[in-house]
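Beneath this line is the structure, given in structure tokens, with notes to follow.
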Amino acid sequence: MKILLNLLMTCFITFFSFAQMKPVKIVFDVTSGNTKVHQSTVRHVKAMSQAYPESKFEVVMYSGAMNMVLKDKSVVAKDIENLVKNKNIDFVICQGTMKRHNVDDSQIITGVKSVPDGILEIVSKQSEGWGYIKEGQ
Amino acid sequence: MKILLNLLMTCFITFFSFAQMKPVKIVFDVTSGNTKVHQSTVRHVKAMSQAYPESKFEVVMYSGAMNMVLKDKSVVAKDIENLVKNKNIDFVICQGTMKRHNVDDSQIITGVKSVPDGILEIVSKQSEGWGYIKEGQ
Amino acid sequence: MKILLNLLMTCFITFFSFAQMKPVKIVFDVTSGNTKVHQSTVRHVKAMSQAYPESKFEVVMYSGAMNMVLKDKSVVAKDIENLVKNKNIDFVICQGTMKRHNVDDSQIITGVKSVPDGILEIVSKQSEGWGYIKEGQ
């Protein structure tokens, strides 16, 4: 009986630890020019990365979200600079969007990466099993 | 020949029944404070649950969508109260969002559940094969 | 040694070609009445279909997006008419949304298809492995 209880206990603890530690991967899609959306995105990534430090997060910005990563215009520049120091967090801007706005690398917040195509980046992550969250209001 | 036709017919009917009855599972993501988004979300869930009574629906509210589940402020309180009586429909609010707004359980529409983290809830459902719909305008 | 290098080179080229040519399938979800969202949706589909001609794209419009496919009201009528000539691109409107707005087929931009239920169409595509992009601001 005692052995059985121990066994059950072990199973339970193993399962629980696994549930706790199962890493999440989430790609966030930001196309909004609304600074409130930029702020809530940063808040979400901050909270999730603190709660699930083993998980991976990537924020993909394109379309109307250019300002979110511009040193001079972003209302979340400081937050992004700090978040991208975490190796599990990436902020990436679409190069197509940069071209449309005549923006070059020097104008982008330090640590933000770029990808050729924002939409392709997002659906690639989805096809690799990442969760998808569209940010917006 | 007749046997072959019967066989084909059976296959066809089986396939068609299966297609008709295949249950859908959909998680809806609501972050908007816009009451029009709250209304269209409720309209979508109502229509889908009537058309596909065997399917499962979960509406996850977080970020800017706090008011949608507050007894005193929601413009869809009555609808939500009725919808959650259906065992295949859940409306869940993020506990993190509740804390940020200093809201306690007594202020929440009866029958609405809560989850520790709205985003984690959504990506967990996605990873279990649920379809994902972001509500918004 | 030379053989090994050749082998590696072949593997590399094969892998790279595969990565380049792997066709993408993306379903776009449009519910907004905002004409800027209609314009950016069309811009995204145009850019993606030029960059990835072997890929498939479907734009599903429902809820608040009725005007996007109305001959008389759409600000992207010409673009949609041209895009749907491509066999890899579909624009589909929800029949439920048409009914709610008392719209009949004759009012719809030529080449736009319709589906019984926009949300069901989207989650069906998702369950078949299509990537999902919610358009919005």
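So that you can tell them apart, the chains are marked A, B and C in the order they are listed, and the count of residues begins at 1 in each.
The criterion applied here is as follows: a contact is a pair of C-beta atoms (placed from the backbone, for glycine too) under 8 Å apart; a residue touches a chain by one contact, two chains touch by 3 or more.
Since this is a predicted model, take the numbers as computed values, not measurements.
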Message: Same residues or different residues where chain A meets chain C? The copies count as same if more than half of the interface numbers are shared.
response: different
- line: For the C-alpha superposition of chain B onto chain C, the rotation angle in degrees, rounded to the nearest 5, equals 120
Statement: Cα centroid separation, chain A vs chain C, in Å, comes to 24
Message: Give the residues of chain C touching no fewer than two other chains, as numbers and ranges.
response: 132, 134, 136
Statement: As the complex stands, chain B meets chain C at residues 24, 26, 36, 40, 44, 47-48, 51-52, 129, 131-137
Message: Residue numbers of chain A touching chain C in their complex, please.
response: 29, 31-34, 63-64, 96, 117, 119-120, 122-124, 126-127, 132, 134, 136
